[in-house]
Every structure is written in C-alpha cells, then in structure tokens.
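In the two assemblies presented below, chain A is common to both, partnered first by chain B and then by chain C.
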Partner chain A sequence: MTQTIAASTPRPKAGGRMKTRGKLIDFAIDVFLFCFSILMILPLVFLVSNAFKTPEEIVAWPPRIIPSDPTLENFRSVLADTPLPLWIFNSVAFSTLSMVAIVMTSAIAGYVLAKFPFRSLNIIFILILATAIVPFEVYMIPLYFQAQALGVLNSLWGLLLGYLVMSFGIFLIRQNVMHSIPDELLEAARIDGAGEFWIFWRIVLPLLRGALGALAVLAFFQAWTSFAWPMIVTTTRNSYTIEVGLALFQTGFTVDLGRLSAASAAVLVPSITLFVILRRNFVQGVASTGMKE
Partner chain B sequence: MLQQKRWRFAILAILPTLAIFAWVRMYPIVETLRLSLHQWNILSKNKPFIGLANFRELFQDQLFLNALTNTSIIAFGVVILTVPTAMVIAGLIHHRTHSRFSGFYETSVFIPHVVSLVPAAMAWKWIFDAKLGPLNALLEFFGIPAQAWLFDPVLSVICIIILCSWQALGYAVLIYLVGFKNLPVSLFEAAKLDGASGVQRFWHVSVPMLKPITLYVSVVTLISGFNVYAQAFVLASDSQGAPGRQVRVLVLDMLENSFRNYRVGYAASEAVVLLAIVLVLTLIQFGILREKGRK
Partner chain C sequence: MASVDIQDVRKFYGQLETIKGVTVDVPDGAFVVLVGPSGCGKSTLLRMIAGLEDISGGTISIGGRVINDVEPKHRDIAMVFQNYALYPHMTIAENMGFSLRLAKRPKDEIDQRVREAAAILGLSDYLDRYPRQLSGGQRQRVAMGRAIVRNPQVFLFDEPLSNLDAKLRVQMRAELKDIHARLKTTTVYVTHDQIEAMTMADRIVVMRDGIVEQVGAPLDLYDRPNNTFVASFIGSPSMNLLPGLLTNGGRSVRVESGAELPLEGAPPAAGKVIYGIRPEHLHLAADGEGFEAVATNVEPTGSETLVQVRVGEQIVSAQLRDRVHIRAGDTVRLGVQAAKAHLFDAETSQRLG
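Our next item is the complex of A and B:
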C-alpha cells in the first residue's frame, strides 16, 4: 500500500491516473477496515451463536456462525438454574437510578459552578477536581463499611451508594454551560424578574438537553458495566447484578459453554441494541471526556 | 443585596450535591489514607496506629509484588497494543469519513468498549479454551501445537492483555477521531502540494500534531489498566469450580486482603499504592502538556 502512493511530485498530466490510483487505495482501505470491523465483533457474534448450539456443535471445527440445529435448550436450563431475569432487573433498576442521580446532581452543580463566581464555590470546584482522578477501586473498601453501617448491603441502595455522583459529569455540564449559555441571557431573565430557580428550570435545563442526554447514556452504561463494587456489596444470590451473577455462575461445577453463552447472550443482545440506538448520544459523551482540558 | 440573594441560591442549590459528594467520595478517600496507617482486622475493635508499617510489609509481600508486576505488565501491554493500533485505525476511518460504511466501522470498533465486561470476557474465554476453543483449533490447523492459554502463567497474562486491548481500542479510536477532525485541513493540503504521500502525511503531520491526544489516551488507558479486575477474575478463574490459577492483579489482591484475610488497614495501604501510581501518571501527563504549552 505504501509503494502505490509514493508519487513524489504530482504532475498535472498524470491527474487522471492518480485519481484511479487514489480510488484503488480507498477501496483497499475499505476492505481492510471492513475485515477489521468484522474481526472486532466476531467474538460477540460467536458468543450469540454458541448460545443456540447443542453441546456437540459447540466443539465442532470450524465453528459455524449459523447453528445447523438451533436449540433453545441452553436458555431453558439457564432460566431453570438461575434467577437471570431478577439479575437483569437488578441491573436495570440500579443503572436507571444511578443515571437519574448523576444527571440531577451534575446538572445543578455544573450550572452553579459555571455561572456563580463566588470564592466559596471555587473551593468546592477545586475539591471536586482534586478527587476526580482517584479511581473508584481506591476508596471502595471504606465505602463498603459505610454501606454496612447503613445496613444497605445486598440491596439496590447499597449498589447505588457507589454511583450517586460522577465528577466527570459535573465537569461536562459546567463546560457546556460556560460554552453554550451566555450570561446576557440569564441577566435578561433576571431583569424581567425571573427567580433563580425558574431560570434554571425553564432556561438552563432545556438548553442543556443534548449534554444531559449524553451524560445520561454514559452514566447508565457506567453502572451497567460496573463490576468490583457490586461484587463486594452483594453476596446473596437474589441481590446480584447481571455482571456479578454471570461471573459467579461461570465458576459453578456443572456449567458448560452453551449455557454460559446463553446467559451472556441474553445480556449482550439488549445492551448492544440499546447502544446502537443511542450511539450518537454515547459517542458525544465519550468524545467529550477527551476534551476535558 | 441582589448579590447576596444569588449567593444564597447558589449555596442552597449545590448543597445536596456537595453533601452526597462529601459522603460517598471525599470521606472514603480520606478514610483510605487514614486506614493505611492503622492496623485493623475487621474482628477487633481497636485500630492501633502503626505508621508506615503496612507499607514496609507490603514491599516484602511476595503476593503483592507479584500482583504489582502482573498489573504493570498488563497496563503497559494494553497501551503498547492499543495506542498505535487506535491511531492507525482512526486515521483510516477518518480518511474514509465519506464512505458509506464509516458508521459501521465506528460502531463495530466501539461495541466491545460498551458491552458488559463479563459476557465479553466469556466470549474470549471460549476462544482461548484449551480443549474447546477455536484458537487452538486454528493453531493446530497450521501445525502449531495447542497451548494451555489460560493456565500458563505467561500466556494467561497475554490473554488478559488481548481482552483488555480489545475493549480499550474503541475508546482510543473515538478520541483519536475527534483529534483528526480538529486538525487544520490547510496543513494537509500544504503537505499534499509539497508532494507528501498519504503515509508521509500521516507520519510527519498527523502523528506530531496528535501528540497531546496520544498522551491523553495513553495515560487514560494506563490508569484503567492498573484498575484491571473483572477481566482477570473471569478469564483466569477455572470454569470447573476448582480454584484455578488466578492471575493476581492489584485490585484482586486488595479485595482478598480486606475480605478474606480481614486485614483492612493492609488493604487500604495497597489502595494508597494504587492511588500513588495513578497520581504519578496524571502528573506526568500534566507536566508534559504544560512544557509543551510553554514552548
């Protein structure tokens, strides 16, 4: 590929040939990217396909993407053995509550920190900034004892305790307010006699819809994919999230690949579908994490 | 008067968030730092202050040193594998922005980053499986002897690096794509007029221009690499219930000390080491960025 474009000086006469050559290169790049993309999702495709295979077919070589004799037996036996629907419910409830809490706290804190220039608020902002880089794993053990003291282990509230606020969410909203909401707009509303709360509710929030949407998706997936915290907070079978449930299920004695794949697929397919639907929001949110400074 | 009213609103509005923040973030962080200097096993009531004894013990603890080594190898391995790949893939996707498949490329590269950890790890566990996995079948097809991927101490670390890179790649590509979009077009046109080929433009224009992004992506990937836990838990635990050969990583060692050996103070000192690593990495990042800004 490198040789084909090594034309050192473009000659105007060779324009036509250059163009077809450029097209060829583009085609080669497309083929490469296409194969690479397929390779990236292939493990997941096989996981889903294994879920529908009989034990004999799973070990067959070469592995087939479409099972020759699709069966629902794996799903049936997983449902008989595990409270999978309950785990999924726990995960959905935990993620949704966490999302709501993070969006609410970030919206209000981000707005206040962006538009109210008081010294005391600066101190608060620095505090939030300073703790933002501390990974969750560093402070989760003391947090566990806080949850224990509150008596919320093995419950939704215990899970939620670790995911109520998100430093990055506060930055994201603060940044957005600073860039997209002019001071004049707020001043004009104040001169018209609008109260501070009314301004926040009726002017600021609607303008932040895009950023809040991105943050919501980000927060939901953060809780949905969390592992270490649910792992220590939940110890009873009925309080597991789907991640913990699956991770412990796979260490069981009688578990075979087909059933593991079935359980995994039951979780993957909805979350991938959700992601593809919300892709724009998600990409916007993640992309903005890189734009912090 | 007006100023005071606004101040009152600001404080009232931020108070609930601040209270939650102090309660679930600041307090446990301070508590981690404090506990690391104390000896506390969950069962006993008193927690004597023992200064730096925990840390001194830590650096003679073979299990901890093993965990630290494994975690560092994994973290750096993921960066070395992910960052250059992400840059090239993002460059190619950016080049083909107008292709009708660009959405497909972006989505499929990004999907591994958003799927839940455990199911994704399960897929790879099957791939690496010594007896049933397609990887060994493929190797044998080419006449290479099958490997016990998940049981060999070296190979299992490599497996974790591959799994983590597969997941980290989407994020890195996305950040690079934003970077490529923000590069000044005029620069590339000038290079093109000077006769630079696509590869030359990538190497001599994009790579240096994207240095801040490379730095950011590397640090973020490294930090999340140091926090690796779920991947090691799933990949390296034996599916047949036996206590399989675990690849010891920092978080796992920390949780084990805290909840299996009931040595919370000791575990907290491990958390402090993890924090120190993350802090140093972040400071390096800021240091290099600031130096660049001064030039």
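Our next item is the complex of A and C:
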C-alpha cells in the first residue's frame, strides 16, 4: 500500500513540471508573436506619425513615434495642392464597382460551373483558370487600345475594364459551391416549385455569404491597390486613383515624405474601415472554405 | 392522391442502359417500396418519377396524366431525400412552408398548414429553430413535414432513414407507416434495406441491374420468391441455396456434400436444381433424420440462436428457436421442414413449381 502511494506521489510533481513548462512555452510564443506583430505594425505607425511631423523631424535620428512638434501642415498642403478627396473618391468608386462586378460575375459563373453538368463548361472553366497564368503586363497594352477605341480613357469605365471579372474569384466560388451546397438542396427547391433564378437568389447566394464576403474584400483591395492599369488608362490629374496620385509625391530624385505620409495616412481610413466591417466574413470565408453542415 | 403508372421505362447514360424497360403499377394510396442492391437503378427510377432525371424511353403517368416532359414542380409530388436537403439558412417553419410561399399562398394558410404538419410530426416546439439545431431524427421529420405541407398526390422517399442510427430507424419506420395510414397518400419509397421494405410496404418491387425481378406483397415475396436473387435478397438471414440433383423420383435433392434433402410435391423437371431453405426452417434433428454438419459459428441472440454449419463446401445458416448449447467445431444434425423448401432451376435460377 505504502509502496503504491510512494510510487504515485511523484506524479503530481511531474504533472506540475509539465504544466509549468507548457506555460513557459506558451509565454515564449506570446512574446515572439507580440514582438513580431510590433515589427509588422511599426512601419504603419511611423507612416501615421510622419504625417504629423515637420520635414526636419522626419529625417531626424533617432526617429520618434510621437512627434515633438506635431503639425497639420502636411495634411493642409496635400489637400490644398492636390485633388486628394477626388482621388479617394475615384479609388472608392473604382474599387466598389469592381468589387460588385467581381462578386456578381464570380457568384454566377462559379455556381453555374459547379452545378450544371455540361462538358463544355469544363472547357470554359479550364480557359478561365488559364487566364490566371497570363501576366497582366502581357495584355495591358492591347487592353489600353481597346479602352481607347471604346473612348473610355480617363474615366471610371476605363478603369473598370480590366477589373470586372476575377478568375480566382470564379474558382473560389466554384469550389465553395461544390463543397457546401449539395445537389439535393437544389433538387428539393426545384420540386418545391422554385425557378432557377429564385434558387440562385434565395438558396445559393445566402449560403455563399461567407465566401462572397471574403471575395469582396479581396476584390476591393485588388482594385484599391492596383497601379499599372490606372497609371496607363488615366492621364488627367482629376481622373487619377489614389495609388497613382500618391506616386506623384515621388519624383526620380526626391520623395516628399511629409506630404506622402499625410496622403497615405488619409488613404488608410477607408480601407481599414472596410476590413473591420468585413473582417468576420473574410476570416470565415478563407479559413473554413465555407464548409457547412 | 393518384396512382403512378410506370410503363416500359428506360434510362440511358450515353450507351449505358441503367433502367431496362421497367413496368410498375403503383395503385392509388399504396405504399410501394423499390428495393435492391446498390446500383440496381431504384434511385434513378425514383428520380425519373420526380422529374430530376430525363426519361429515355417509355412513359410515367401520375393520376392518368403522362408526365414525361412535365417539370418537377408541376408533377404535384413531394420528395424526401436521404440527407434531408433542408435549407440551412431558413427556420423549420420557413423550410416547411417554402413550397407554399413559392405558390404564393396566403400567409395565414401557410402558417396553419405548417402548424398542422408540425403537430403531426411532433415538431411544434421547434418551428423557430434552424436545421443545424436539430438532431438527425428531427431533421428527417422536418423533411417529411416539408413534404406533408404540400399535400401532394405522391410522396417519394429516397432512402430517408439511411443516415439515422438503428434505434431511431426502427422508430421512424413506425412513424412513417403511421403517417401513411393517416394521410393515405400514394407513396414510392426507395431503400436497400430489405427489412424496411418488408415492414413498411403494401407492395415490394425487387430490382436488380435495371430490371424488376419480382413485384408482390412482402410475405408473398418471402414465401414464393420467383428466383434465387429474390430468395436470397428478401429475408434476414438470407435463404440457404444449395446446388444439387433431383433424386429419388423427385422426392429429394442430393446436394454436393452428398446429403439428401427432402421435397414435398412433385417437381416439374428433373436434373440440376438449386434447393432453397430458409434458416428458420431448419431444426436440430434426431439420429437417422436430416444431415450431419460441422458448426463453424454460433451466434446466440437471446431469443434465438443462429448457427452456421459447413455442408460440403458451403455454409448453411440455421435459426434455432431453442436455447441450444452448440460450440463452433461441434458436429450437429439438422433436419429440414420439407414443406417449406423451395426449388429453383440451376441454369435459369427461376422458381420450379
């Protein structure tokens, strides 16, 4: 009996040691992740901080996070000298319309490709996927000539020309439909008396909310951060998007850091807002690939 | 309610013919079960009745109206699927009232009919919940509720109990039967489970490889199977089928092991036959009677004992009512109820006599 007790007594100690070790490892992981996240966020913090600094302080060493002499001069100058609000509007309009178009085309095409068993659709799907491997730079110039022929240069429609359909979006939605919407659900709806459009609108779309949310965020930022196409399709100052506008602060030899920071900080606001709103959908859609019961 | 008339129906997938001229008559108000092994075409046939598969040849009529080219929604049928097919983003009430909403029925009427169906199925407390919040059995009931609410001419069930555990399946079987007795709606039910077919059907259609092997009342199929396939498919444990030769002027069959198994009534032909006997028609016999065999497996279930014995190269099952003390390896002597024996032609597998 005593032996048994003696044999069993070290166990809690071992367990305790294990626990302490586990806690230490957890703590180390936390510290590492904390440092890493600080490292990731630091440039952003400096961007915002620089926006409030004088030109001298920006280049001062060591750099300070909180400006010693905060100023709104950069913002005032940016807003006075450049049509920044118009650029932001152009970007928001371009990104939003592109997002809506991509979500719509991807939802329809992805659903049709996943659920309608025609052999020709497989070929179309392969062609759509194939377009993803052609770099934009390859068809940028032909697309420019098309935009020119259509007379849509320097306009929102010109910007949208290459941003209405996203092959990855079609692929994402197709996979999602295949995984999360069983055929029986659509068949049940057909027997219940629903038409094809009704099924798409009332059954398929609500079930794809997560994936479409994720796609919406991806599509929005794709347009928001696009540079090459807006750069060549817009040539007038008022038709620039924010990305093109921001590039104006850099010339071949100088960078106007204060004003660039101020403009960039102002530009961050809409994108962060959108991400916060759609964060839940984004994480769900990407992480769970929309698997449902 | 209406009858369903299936006349020489065929289904081709390219060159492959999966339904090979099936003719089945489902009378008004009947509960007909299509049963058969996987790939026999039973689900395809049901989906053709529903309008989810095109009909390559023949006709299907519901209530005397040929519906070959009629859209599923205009066939006045309701279907219950194996995986329930409930709309995950709609409440139980919305799921059940979905078809009525599409038919633009007044809201009061939808509410009333949903409540009535929910009361029949014991779902009244769950109407505001979502499918994911219900158990498998409850979900299956909702699927049935969705069918009942429509008050269709024909119910179609595609293996509706396959996803449930054994206990719940028995319970739902009884509930389904009860609902049919109450509503008397013509029902076509597909299953691969012959016990489900036996316990629920007014009439069973046994299918294999796209053809109908036999149609009949459950006990008719059990007592007089048309061929060895039906004989072995219907009944659990399945019928023992022993190849042999008619001897003794047709009064017995000598099977491969040399044992003589008795027959009653003169068989119409001589020569090679297959002797069929159900496990419950074998009993422990006294010396000098029946045949000797070595027990290979003994499964006592409490109410009965299932003994498997080796007869020549074949395993024969015997279902013994009594508590017997046999162990694997023991030699036992089994007797046969000659009046219950079945005889099949060895070449065509068809019933003799």
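What we mean here is this: the second predicted complex is superposed on the first by the 253 of 293 C-alpha atoms of A that agree within 3 Å, B and C clash if a C-alpha of one lies under 4 Å from a C-alpha of the other, contacts with A are read in each partner's own complex, and residues count from 1 in each chain.
Everything that follows uses one rule, which is that contacts are C-beta pairs under 8 Å (C-beta built on N, C-alpha and C of every residue); 3 or more make two chains touch, one makes a residue touch a chain.
Quick caveat: nothing in here was measured; it's all calculated off a predicted structure.
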| item | value |
| --- | --- |
| Touching partner for A:I108 - first (chain B), second (chain C), both, neither | first |
| Residue contacts with chain A in the superposition, chain B compared against chain C | B |
| Which of chain B and chain C A:L207 touches, first, second, both or neither | second |
| Touching partner for A:L185 - first (chain B), second (chain C), both, neither | second |
| First, second, both or neither for A:W198, with chain B first and chain C second | second |
| Residues on chain A lying within both footprints (that of chain B and that of chain C) | 293 |
| Chain A residues within the chain C interface of the complex | 182, 184-185, 187-194, 198, 203, 206-207, 292-293 |
| In the complex, chain C residues that touch chain A | 50-52, 71-73, 77-79, 81-83, 85, 87-89, 98-99, 102-103, 131-132, 146, 150 |
| Footprint of chain A on chain B - complex, ascending | 5-7, 9-11, 13-14, 16-18, 20-21, 23-29, 31-32, 35, 89, 92-93, 95-96, 99, 101, 104-112, 114-120, 122-127, 129, 131-132, 134, 137, 141, 166, 169-171, 174-175, 177-179, 192, 195, 197-199, 213, 216-217, 223, 226-227, 229-230, 233-234, 237-241, 251, 254-255, 258-259, 264, 267-268, 271-272, 274-275, 278-279, 282, 289 |
| Interface residues, chain A side, partner chain B - complex | 1-2, 5-10, 25-26, 29-30, 32-34, 36-38, 40-41, 43-44, 46-47, 50, 58-59, 61-63, 105-106, 108-109, 111-113, 116, 118, 120-121, 124, 127-128, 131, 133-143, 145-146, 161-162, 164-165, 167, 170, 196-197, 200, 221, 224-225, 227-228, 231-232, 242-243, 246-247, 250-253, 255, 257, 260-261, 263-265, 267-268, 271-272, 275-276, 279, 282-283, 286-287, 289-291, 293 |
